[in-house]
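First subunit A sits with subunit B, and in the next complex the same chain sits with subunit C.
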Partner chain A sequence: MSTALSRGFGQARGVYAIWLREVKRSLRDKGQLVGGVSRPLLWVLILGIGLNPYFRGEVYGEVRFVVPYTYLQFIFPAVIVLNILYTSIQSAVSLIWDREFGFLREVLVSPMPRNLILLGKVLGGATTAVIHGCMVLVVARFVGVAPSWSDIAQAIGLMFVLSFGLTAFGIVIANYIRGFESFGVFSNAVILPLYFTASSVFPLDPALTRAQTLVTYPEWLVYMVEFNPLTYAIDAMRGILIDFNQFDPAFNFQVVGVLAVGLFLLAMWEFRKV
Partner chain B sequence: MVERPSRFRSVLNDFGPLAVVFALLFAVSFLPPDTSRAEIDTRGRLSVCMPTSYPPLVTGDADVPGFEVELLQAIADRLGWRLNVVSNSLMGRDYNPRSWRINRAQCQLLAGGVALSAQTRSFLDTSAPHLRTGWAVVSPLGDTAGIADRTVGVYVGLTGLDRIALSQYLRSQQVSTAILRDPAAMARALEDGEVDVVVTEALLATQTFDPDAYEIALLPAPLEQIPLGYGFWKGDMTLRRAVESTLHDLTDEGVVASLAERYEIDPDLLTLGH
Partner chain C sequence: MSSVETYPEGLAITVEGVSKRFGRTLALDDVSLAVPHGTVFALLGPNGAGKSTLIDILCTIGRPDSGRALIAGIDVVKQPLAARRQLGVVFQETTLDTRLTVRENLSFHGMVYQMGRRERLTRTDEMLELVDLTDWADSEVKTLSSGMRRRLEIARALMHRPQILFLDEPTVGLDAQARARIWDYIAALRAQQDLTVIVTTHYIEEVDACDDICIIDRGKILAKGSPDALKSQHGSTLLKVTPRSDEARAAILARYPDAVAGAESQLLIQMTATDSADAILAEFGNQLRQISIDQPSLESVFLSLTGRDLREAPPVSRKARRNG
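Moving on, here comes the complex of A and B:
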């Protein structure tokens, strides 16, 4: 019993060590920090403010943007998810780095089970991604969103579950990529389409019937938005921060939960081949 | 021999850049997101669209212009602006606000009983509610028989409250209704005993009936109570912040409560400071 306990304790310390290394590595990575700052500045300050006048009301009753919030408030939760998406997937670049310099081999020959090594890496990436999500939350006052402490706690919880799944997804991608350059190109090729087809910058008006929605947007785009799991993560974040949902809130959380578990299982499967 | 950095230096290396990033984003959150307030500061005039008459909020009487007019005058005085009331006779007469023909060129703010509903928020940005209203029943003091199976006088007035829900509720109570054409007819009908009780909008009821002779109570669920506030054009965040902050100051100083007392508004219908 005590042997099992001490082994469990030792493994927990191993997970902690890998988590700490991941977090420290990302905190010391100035490039990642600059990215984490520039995204909220560019998306919220420049794009949000730049486009805000085009969505502001001019005539009372005229339908231009049928969402009970300003455009800036509408895109704000999506920018949080964008920051998480970039950071989670890019934190998996450490796998390529570790593989390149032999550190991964040393860790893999340790008595730590592979799944726990993976868990430490994913938890480390998720922690960093949550920090980057919180960077966007800091500009909430600027966009006129005033979340309560309970909303902030819920948002951080959602950020963590989403980051966990997306970091696992990054590990899966990193497993197929051999060099840093290819990873950058490939991750952008995944991140940007995922983000733009997640109802991040335009709403599918929940007041419209499906037939009306298909009149507003082409059918292929509506299907892409509905098929994209990130749509439901952004919608869940909007529900928490601005109390606006385009889809069933319970379904949103289910999708995010299933995504996190599913992607981690996939990462476990892939990590066996490393 | 390589000297290890001190613990303080190590923590500073890890968290210093992160603290700088958060401080930068926090500072950014204080930038003005639009020019709406600056424009009014330059002109020195705040134009407000209001219905011609909606007692006690707007009366059309120069000596007692109405609760909302005086409150906005106090806000404008505090902010160093002149108040320009733009009367709109179409407000409240039609369900479709597009028919009111209100646009940004006429006024920067809408007041005088703006219901803070999801529909309103689709077109306008709104302040926090400072009043609430709903359908109220007025009965002589000591009359505890309720409204079921009685003769009920109904005056709907200009209010945007849900008339269909009221009609369904009255049908469910199996009342016989008498439609009354103006507030004077409503007061007369109850005084003369032509009707047992009167149903009308709560703010109008408090204005029309003497609280020493009549009891006024909001009708219960499923009839909803509607919060009232100010409407701003979407995207005019700096103007909204200035008005809201001044309104809170006036509430704390007791100005709002004293105005409510002057216009005989039931303190229970005030939502700020309660």
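Moving on, here comes the complex of A and C:
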């Protein structure tokens, strides 16, 4: 029994080592930090402030939009998710790096089970992503978002579960990428479409009936938004930070939770073959 | 650990009838070998011979199609995690994290090998001392020369006190001085107790210092034994001649059909009788630019076993070798 316990401790230390390496590497990567700061600034300063005047209380035909928030407030939770999305996928891509430059072999011949290697890697990526999400959260007050401490704690919790799932998702993708060149393609083909169809930069107004929504937006777009799991993650983040929900909050959290577990299991399946 | 099978006394590695196929290529063809504990054992063969495939199987990364392999008595397929604790590996390509410092690389290794904190710290210092990298402990690995990186990898592989150390082509890509230094460390390790060193190389001059040599080509073991035993069994005096012209070359080849092309338009002729050097001088003396007589060496052993010069063996690309 005690040998099982000491082995458990040993393996936990191994997971910690892999986690620590991930976090150290990304904090030493100046390029990633610059991206993590400049990306939200551009979104908030340029897009957010630029579109802010055009957002409120518009009358569109017979229909009056009733999103009772400024565009800056509306887009802010989505920008947090965007930063998380980029950082998670970037961390997962370090797997390609490790495979290409051999470091992965050093870990694979160690007495660490593969699933725990993956766990350390995903936890490390998730931690980095949460740090990048928090860098956005810091400027909340400047865009008129005033979360309480408990809101902040909830937001960080949500960020972590979401980052965990997205890093696992990134590892699944990374497993199919041979070489670095194709990552740019994936970033444009996966990250941005996921983000834009997640009701991130425009609302599907909850005051509208479904029929009205389908009149206002083309059908395919509505379906894409509803099909995109990131929609519910962003909605959950909005619910926490600005108390605005377009969907059922309980359903939002379920989607994010199921996604995190499901994607990790999928990553485990993929990682067997590495 | 009662499930561990007992193994023949004193054997660090047992390989029994291991075969491995990649697509149409048979990378390992019914390979069997036994390595006694505490020896320095060399796997010698050209690129693509199957050395790396064998090392991968012994390191639990690759799985054999058939046969079995034991590391310190532990079956590498049935108990890979237990086997890995007994192994230290230095791969052919560097596997350091170049963005971490020297110390951080060692510390990472100690943690994933589940060493306690105190042991990890003392062992890190010992290992840095062993490979003379103490002064570089806090430098990032990317600032190190390739020889220093190789030394760090050896230190790292020994962190967790393995019983068996694998060195896969440890001197490839290093200059002569750095290569000599790596072999100095291997000699020092050999003096240390309780360590078996398995080294693969295609530099024939490097393996004379090993206890046992196994010559492997095209997935098959051709010969095993100590360097001296191999030389006396398979070695022959080797005549290296450089013909002056293509006509001379053709004439020599007609006279000695067994001659093998060597480096720099040399022809290598294995001498059977003591007078054949005189015979060739008498016959072709004026058509030769250069002639030299090599006493039995491992090079001639390889030549007589495989019918080709190790140096001239066509290089196989990394990818092709991985895929067999």
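The rule is short, and it goes like this: the second predicted complex is superposed on the first by the 264 of 274 C-alpha atoms of A that agree within 3 Å, B and C clash if a C-alpha of one lies under 4 Å from a C-alpha of the other, contacts with A are read in each partner's own complex, and residues count from 1 in each chain.
Please note the rule applied: a residue touches a chain if its C-beta (ideal position, glycine included) is under 8 Å from a C-beta of that chain, and two chains touch if they have at least 3 such contacts.
Keep in mind the model is a prediction, meaning the values are calculated, not measured.
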So, does A:14 touch the first partner subunit B, the second partner subunit C, both, or neither?
second
Quick check on the superposed pair: does A:131 touch subunit B, subunit C, both, or neither? Answer first, second, both or neither.
first
Would you sort A:72 into first (subunit B), second (subunit C), both or neither based on which partner it touches?
first
Could you tell me if A:144 is touching subunit B, subunit C, both of them or neither one (first, second, both, neither)?
first
Contact-wise, after the overlay, does A:114 reach subunit B, subunit C, both or neither (first, second, both, neither)?
neither
Subunit A contact check, subunit B vs subunit C, more residues touched by chain B
One more residue to check, A:24. First (subunit B), second (subunit C), both or neither?
both
Tell me the contact category for A:52 with respect to subunit B and subunit C: first, second, both or neither.
first
In the superposed arrangement, what residues of subunit A touch both subunit B and subunit C?
24, 28
Quick check: in the complex, which residue numbers of subunit A touch subunit C?
7, 9-11, 13-14, 16-18, 20-21, 24-25, 28-29, 101-113
Could you list, by residue number, the parts of subunit B that touch subunit A in their complex?
13-15, 17-18, 21-22, 24-26, 28-31, 33-34, 96-104, 110, 118, 121-125, 231, 233-237, 240-241
Tell me, which parts of subunit A touch subunit B in their complex?
24, 27-28, 30, 33, 36-37, 40-41, 45, 49, 52-53, 55-63, 65-72, 131, 135-136, 138-144, 207
Which bits of subunit C are touching subunit A when the two form their complex?
59-61, 81-82, 84-85, 87, 89, 91, 93-100, 104, 107-109, 111-114, 156
